[in-house]
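Every chain is named by a letter (A, B and C) in the order it is written, and numbering of its residues begins at 1.
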Amino acid sequence: MRFKFSILALLLEGIIIVLFGIFVEYNTNDHPPTLYPYFQDVHVMIFVGFGFLMTFLKKYRFSSVGINMLIAAFGLQWGTLMQGFWHMEGGKIHVDIKSMINADFSTATALISFGAVLGKTSPVQMLILTILEITIFACNEHLVTGVFQATDVGASMTIHAFGAYFGLAVTLVLYRPGLKNKHENEESTYDSDIFAMIGTLFLWLFWPSFNSAIASGTIWQIKAIVNTYYSLAACTVVTFALSSLVDQRGKFSMVLIQNATLAGGVAVGTCADMSIHPFAAMCIGSIAGIISVLGFHFLTPFLASKLNIQDTCGVHNLHGLPGILGGIAGIIVTAIKEEIREDVHFTPGMQAAALGSTIGIALVGGALTGGILKLPFLGQASDQNCFDDSVYWEVPEEEKTHEIHSNNYDEHRRFEATM
Amino acid sequence: MRFKFSILALLLEGIIIVLFGIFVEYNTNDHPPTLYPYFQDVHVMIFVGFGFLMTFLKKYRFSSVGINMLIAAFGLQWGTLMQGFWHMEGGKIHVDIKSMINADFSTATALISFGAVLGKTSPVQMLILTILEITIFACNEHLVTGVFQATDVGASMTIHAFGAYFGLAVTLVLYRPGLKNKHENEESTYDSDIFAMIGTLFLWLFWPSFNSAIASGTIWQIKAIVNTYYSLAACTVVTFALSSLVDQRGKFSMVLIQNATLAGGVAVGTCADMSIHPFAAMCIGSIAGIISVLGFHFLTPFLASKLNIQDTCGVHNLHGLPGILGGIAGIIVTAIKEEIREDVHFTPGMQAAALGSTIGIALVGGALTGGILKLPFLGQASDQNCFDDSVYWEVPEEEKTHEIHSNNYDEHRRFEATM
Amino acid sequence: MRFKFSILALLLEGIIIVLFGIFVEYNTNDHPPTLYPYFQDVHVMIFVGFGFLMTFLKKYRFSSVGINMLIAAFGLQWGTLMQGFWHMEGGKIHVDIKSMINADFSTATALISFGAVLGKTSPVQMLILTILEITIFACNEHLVTGVFQATDVGASMTIHAFGAYFGLAVTLVLYRPGLKNKHENEESTYDSDIFAMIGTLFLWLFWPSFNSAIASGTIWQIKAIVNTYYSLAACTVVTFALSSLVDQRGKFSMVLIQNATLAGGVAVGTCADMSIHPFAAMCIGSIAGIISVLGFHFLTPFLASKLNIQDTCGVHNLHGLPGILGGIAGIIVTAIKEEIREDVHFTPGMQAAALGSTIGIALVGGALTGGILKLPFLGQASDQNCFDDSVYWEVPEEEKTHEIHSNNYDEHRRFEATM
């Protein structure tokens, strides 16, 4: 991997810098000074939230946080260009706080897909996935908001459903029969589950900023904040209830608390800035929690065993199903005519077209991307080496010592047994 | 617990959603766009700050972070209603960023009390405690600010002292003689102490936001920020000094650094927005640090052994005593007539009434709540199972392996010994 | 250490409170309400960012986070006074959000130097270092911005290069031949490396706030934010590429990802608020990443073995070299006359003077400080006890048990071997 990754990364960075030199300018007008804190919240979600959420795997935490950082840092530059090309003025892309928020948003699609293939891909593959996915995302986003004129302020469809179904298509194409039986490294430890909660909480806390950052005015921002706040709160209570209910002994499951509690943020996204009343936001959040828990409990094992879709982080349950729920909520809300948004009028037909096109493009784009990632020279690890940082990272000696320790210990036990 | 917890949680969430449907509206006037960052800081304090601060126990970290999240997510909905009922207009509760800050605040009382009983209660008990405590808190808050017209901008009295004495009363009523001798799980590890510092730091850093969020204007906000900043800084230096001083070998103690460094934020709360001068804030912070360290070192063991008050996190030293100190500082400052707050006049008598009523109501409310929590069907764990996540959570296999490992090892040592 | 540290800390805190009583007032004019979020971001960087970045050492994490907190809490008070004395009006120092940002900034110098000597100094030594370094920093800062009228908005020179070279001079004077061979505790573990990434990410995420916080207006702030954002992103991609390239097996190194990814924030600091175009910011970031990786890989071992400069955290590569790069970039940018900053004119000569004086004063100041810290009664630990929390902290029993465990185990292995 030494030269393959290095040269590809340096080459891509060089190309991006040249493109920035040609196309990118500062936007020196129109600076709402109150937007910056929203950007910072989203920024934390992308790097700390997504990064730590994926640290639950016991031996894949360097990659979870590190490759997450690589994808996001690379993707936000690429995203600036891809989104900017659709909105050029005078042949220039103008960057400011709002475009930075959108650039961060664009990386979320690749990070969600990363969750689906987590532990099974190489850094080279992830660079290529990031380029392809963000490019396709920017086109679909333009289709949804520019052509269909649909609303999706919190990006339930264009980011969450898109990233999830793109990732599911990739992981289906990259299907590894050797991982049919659970890999010994594909599990968490007590400590890694706590690290993952750092990710969960920063996502959960800043989700109101995610859903309101690009709303078109203060009043709509406040509504998006309030709706997301109560949707997440209701979703969390329902997730705890369902988590206990689906377990035979009534115990809570960390994987559900880490993930399903966030589904309320995803699902309320499309209609977050509309006057849906807080209680409706709470209903959406509650349904999202139920769907997400049931998805983790019943659907993910089914997809893995019957449909060969190996979804490491269960992004289908956190981003896919709640994203569709968000799209459907948007259709319903726009269908009910009364004063939802006084200033603009969205139609249920266009909302449905947006949802359908998003999922279709994500599935096709993901399948094509998966096909490209299958090219043999991209350094995919063997099944044996999946979910293991030491393939791509220098790992502290102590770990090896620890293994030796265990081995010695095992030897000792054998020795004991033979006495 | 399977059905008991699930049904109770779903039932309560259903009731809350119905009440929101009837009573809650958006507040569409009066949106200071600069208030949102304060809300986010407080939001991080509640979920990350309180949650991680309690992860110091070696086997109770899922519950610390997880049940903290459950209490806060549930409590902020209940708090919206309980606080809202005292301020309805046209039969409606109007929610906005400010009401969300207050809703988050209300959950802090239950989280402080959670610290007092940490490791000894069931999730069902905590749901009931949250309902009762936030209801009583909202009444006392109305008494303090509405009836007595007292000032308590950083809520030294109404949140910190209230939450602490409420929790102490609960833990006294739930007294477990079986825990008189230190439980083997009631201790920290090297890693868990670092996790707890995540909580400490986010509380410490955002405390200026906590104390200034609901101040009545920019100038008062700035004063509250400045006073809290310097109070905490002085408190921290004094805490390090005292921590070394009270130890026989002069070593620092993590429990003191994690907790007593925060006492300066609690104690300066009541008079944070007054023109007390930064040096006075630093004096308050220094005294808070001294009181808190001495409380942890001398008082907590005394309370446990002599008064049967088992205060797991030492909330008495972080929230109780510094909260009273804050109340007393408020009395003194309002007594000194000179231009403390140019616009309004608070009287020492009313401040004293606020402090007294808060502690009295907290103690009575906590005792009653403790009595209710003692009802046998609420799923309290046995003494043996205290401070142990595995009672209420699925815990990763590795932990069990680890135990087996240790056991085998012990067996081996016995085997060695018998050779 | 019991009385030495306690009495010194209490004495210093007492002196500071008296000085605050005499000199410090609130600034009640001029409150840009949008500045507070920038302060909070910087605040998180100082306490969480620097603190956790240094937790990579396996047995020195209490000190990394804890003493970092002590230095910062103490230093921000001292920094308020030292910086304030240069800007008194009517014999008073006026504090507000901006002065708090500067006070936090001043502590960064001491924290960077702490990184150079990490594991080898006592808390008493660190208090003295903090006083001396912040005092000298404030003088140099006045020289750079007041006398030379140079620009350094993100403080590449006055904080980063200053803190690094000050620390390197201290660690040179405190040279310990006994640590020539790597100390057994001077390494990371799998968990400690993840903890360190918490520090890395919060530094990385909030660096745009660091570089823009004291910019002179919204437009300059936006430019500083945009430039820093893209500089860091480019630096991160280049760091990953170089990290793989310099490793024989092409693997990523955690120490590089933790540190060199941040060099882009340092290096773009001096000219962050200028109209250098985003692509130039990305070039600066890319070069910073290359320099930093090569510094860690080749220079740090050379400095340690040949020049007796033992730089525990490699601050030379994260703050020193990128700081100089930032200073040079500032010289070049001010030399190219075209509209870099329309309102003010900085000259390359003065920029060069600022860079030279900063490094010179840092080296001399650090050497003098190192000489003072060598005084024998300051409680320096023996070589044997370096990088070990248990010298200054109560460490949980389990750790000791673990040691016993290992010892027993070793005994057992010996026992096995003799059979």
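The working rule: a residue touches a chain if its C-beta (ideal position, glycine included) is under 8 Å from a C-beta of that chain, and two chains touch if they have at least 3 such contacts.
Just so we're clear, the structure is a prediction, and the values are computed from it rather than from any experiment.
Novice: Please categorise the chain-chain contact pattern as a line, ring, star, complete graph or other.
Specialist: complete
Novice: How big is the rotation relating chain B to chain C when the fit is done on Cα atoms? Please round to the nearest 5 degrees.
Specialist: Fitting chain B to chain C on C-alpha positions yields an angle of 120 degrees.
Novice: Need the CA-centroid distance for the pair chain A / chain C, whole Å please.
Specialist: 33
Novice: Mind pulling the chain B residues that touch 2 or more other chains?
Specialist: Within chain B, residues 34, 37, 191, 198, 412 contact more than one other chain.
Novice: Provide the residue numbers of chain A that touch chain B in the complex, in ascending order.
Specialist: Answer in residue numbers: 34, 37-38, 41, 58, 187-191, 193-194, 197-198, 201-202, 204-206, 209, 218-219, 221-223, 225-226, 229-230, 232-234, 236-238, 240-242, 244-245, 247-254, 257, 261, 275, 277-279, 282-283, 286, 409, 412-413, 416.
Novice: Given the complex with chain A, which residues does chain B contribute to the contact?
Specialist: 1-7, 9-10, 12-13, 16-18, 20-21, 24-26, 28, 31, 33-34, 36-37, 40, 43-44, 47-48, 51, 55, 61-62, 65-66, 69-70, 73-74, 76-77, 95-97, 100, 123, 191, 195, 198, 392-399, 405, 408, 412, 415
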